[in-house]
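Heads up, there are several structures right after this.
Okay, so chain A shows up in both of these, paired with chain B first and chain C after.
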Partner chain A sequence: MNVRLYVWQRGTAALMVPLVAVHLAVIFYATRQGLSAADILSRTRGSIAWASYYGLFVAAVSIHAAIGVRNVLTEWSPLTDRSAGRLAVAFGLLLAVLGFRAVAAVVL
Partner chain B sequence: MPERLTELSVSLWRGGAEGRYETYRVPRRDSQTVLDVVTYVQRHIDPTLSYRFACRVGMCGSCAMTVNGRPRWTCRTHVAKVAGSGTLEIGPLENLPVIKDLATDMAPFFEKWREAKGAFAPSRTRADAMPPIRPDSSARIAADAAIECINCGVCYAACDTVRWNADYLGPAALNRAWTLVNDERDAGNAARLAAVAAGGGCHACHSHQSCQEHCPLSLNPTASIAGLKRRTTRAYLKGELKP
Partner chain C sequence: MTIARHLKHRTGTLWLAALVHRLSGLALAIFLPLHFLALGLAISGAATLDGFLRWTDQPLVKLSEVLLVFLLTVHLLGGVRVLVIENFDWRDGQKQLATLAATISALVAFFFLVRVF
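Now for the complex of A and B:
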């Protein structure tokens, strides 16, 4: 891992600290208040705030996890750095597509 | 009171990368070190045994071996400390090619010192006056904490990241780079920071701290590597490093 990947991985980790905390708080709130799917969707549909919040979360997760997977592959598999990098990019894109699709499903 | 041991059972690695442990009986002596045990085998049992040592007093860093599974400097490791049961297993250092028996090829270890720009790059000529370095300056204190490395290779042998990543420069080379980064007389930091910020550099370290745990001089290469991480990150964010 070079310094650029290090900065991106640590930077996204720092960004995710408050995002994860709020995400957990939202889960506890939604379950303890007994919110139905319709209640939740009524709050998220058309909300720029929730779209931005979870959009940022998905972007941070995709970058952070892809760099971590690249490190695991370079250390634990016989793949070359280039191949590990390509697989990691593909993994990051998959996470981004799945994540943004989920965000779109609740805010659009 | 337990009966005092009169003899040790000593298994030594024999051969190259493909080899085996062979067991010898060695008399137990007072104040005996692991290096004394190896020397006894070579002088009294099998003169073809290959191993490396020089100073015998913990200064030269050439006698490191794997002793009962841990990398250690053998000249300063007393048998009483590591072989209470009277059994010793001594092999070559891990993470380095075995030449023969207990002698490893240290070339990759020192090659990485070069890659980490571990050589002093002078900023003045001999015609210039010596620059004053204050002993209480923060850079001098940071360099002092890491400077006493004897290049024994124990940290390199103990490091999991070295085992997993052939490109990783390793704790000793990075620790050396950190001393030079803090040397106000050195002029090579642009190239040095670029070298340690590349793939296989300081950011590959997982901070397992095996280097610190095993260093016979109780140095803390993990702390030096953390210093390099901070310094290179700052340089990268300022646009001074282009990885």
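Now for the complex of A and C:
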């Protein structure tokens, strides 16, 4: 992992510390009486706050997970650095697309 | 003898903490696309998402969710430990901190288990 990737991974990690803590709290809160679509959507639909929170979360986790997967592939698979990098970028893009789609689905 | 020497460090608490951090991250990375796809079901309407949520009422799915809560918490706390080590003065007792992180994660997962069953 070069310095640029290291800084991005640790930066997104630091950013996600409060985001994950809030997410865990929401998981506990949301499951207090079982999950229902009405419950989830009544909280998120039309909310700029939740859209910003989850949008930031998706952006950070897409970068963080892609770099993490790249590290694992580089160290634990026979792939070259270049191939591991390409796969990681593809994975990061997949996460970003699916993630922003999910945010749009629950917020719009 | 040589193999034993090479494997010796792989029994330490902090080596195990690093392995747990990596494996939990990997598991979460595998889970994330599925999580996003599930939430994306809301595009087709609340009823579609509800249909999926009723599927998740199965005990085995709930147990998987408990495991995911453990993985998320242990990855969070393990990550905080790494960030603190890298950005602040060294503190002794890292093995105890790693064990504490795993214990807190297990407790959080246990509380979640009690909550969903």
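Just so it is clear, the second predicted complex is superposed on the first by the 104 of 108 C-alpha atoms of A that agree within 3 Å, B and C clash if a C-alpha of one lies under 4 Å from a C-alpha of the other, contacts with A are read in each partner's own complex, and residues count from 1 in each chain.
Throughout what follows, contacts are C-beta pairs under 8 Å (C-beta built on N, C-alpha and C of every residue); 3 or more make two chains touch, one makes a residue touch a chain.
If you're wondering where the values come from, they're calculated on a predicted model, not measured in any experiment.
Chemist: Report for A:Arg4: first if it touches chain B alone, second if chain C alone, otherwise both or neither.
Modeler: The first partner, chain B, only.
Chemist: A:Asp81 contacts which: chain B (first), chain C (second), both, neither?
Modeler: first
Chemist: Looking at the overlay, what does A:Ala49 touch: chain B (first), chain C (second), both, or neither?
Modeler: neither
Chemist: For the overlaid complexes, name the partner, chain B or chain C, with more touching residues on chain A.
Modeler: C
Chemist: In the superposed arrangement, which partner chain does A:Val22 touch: chain B (first), chain C (second), both, or neither?
Modeler: neither
Chemist: For A:Leu93, select first, second, both or neither according to whether it touches chain B, chain C, the two together, or no partner.
Modeler: A:Leu93 sits against neither chain B nor chain C.
Chemist: Once the two structures are fitted together, what part of chain A is touched by chain B and by chain C alike?
Modeler: 10
Chemist: Okay, in this complex, where on chain A does chain C touch?
Modeler: 10, 13-14, 16-17, 20-21, 23-24, 27-28, 31-32, 34-38, 40-41, 58, 61, 65, 68-69, 72, 91, 94-95, 98-99, 101-106
Chemist: In the complex formed with chain A, which residues of chain C make contact?
Modeler: Checking each residue of chain C against chain A gives 22, 25-26, 28-29, 32-33, 35-43, 46-47, 49-50, 53, 56-57, 69, 72-73, 76, 79-80, 82-83, 86, 108, 111-112, 115-116.
Chemist: Under the stated contact criterion, what part of chain B meets chain A in this complex?
Modeler: 161, 164-165, 197-199, 201, 203-204, 229, 232-233, 236-237, 241, 243
Chemist: So in the complex, which bits of chain A are touching chain B?
Modeler: Residue list for chain A touching chain B: 1-7, 10, 74-76, 81.
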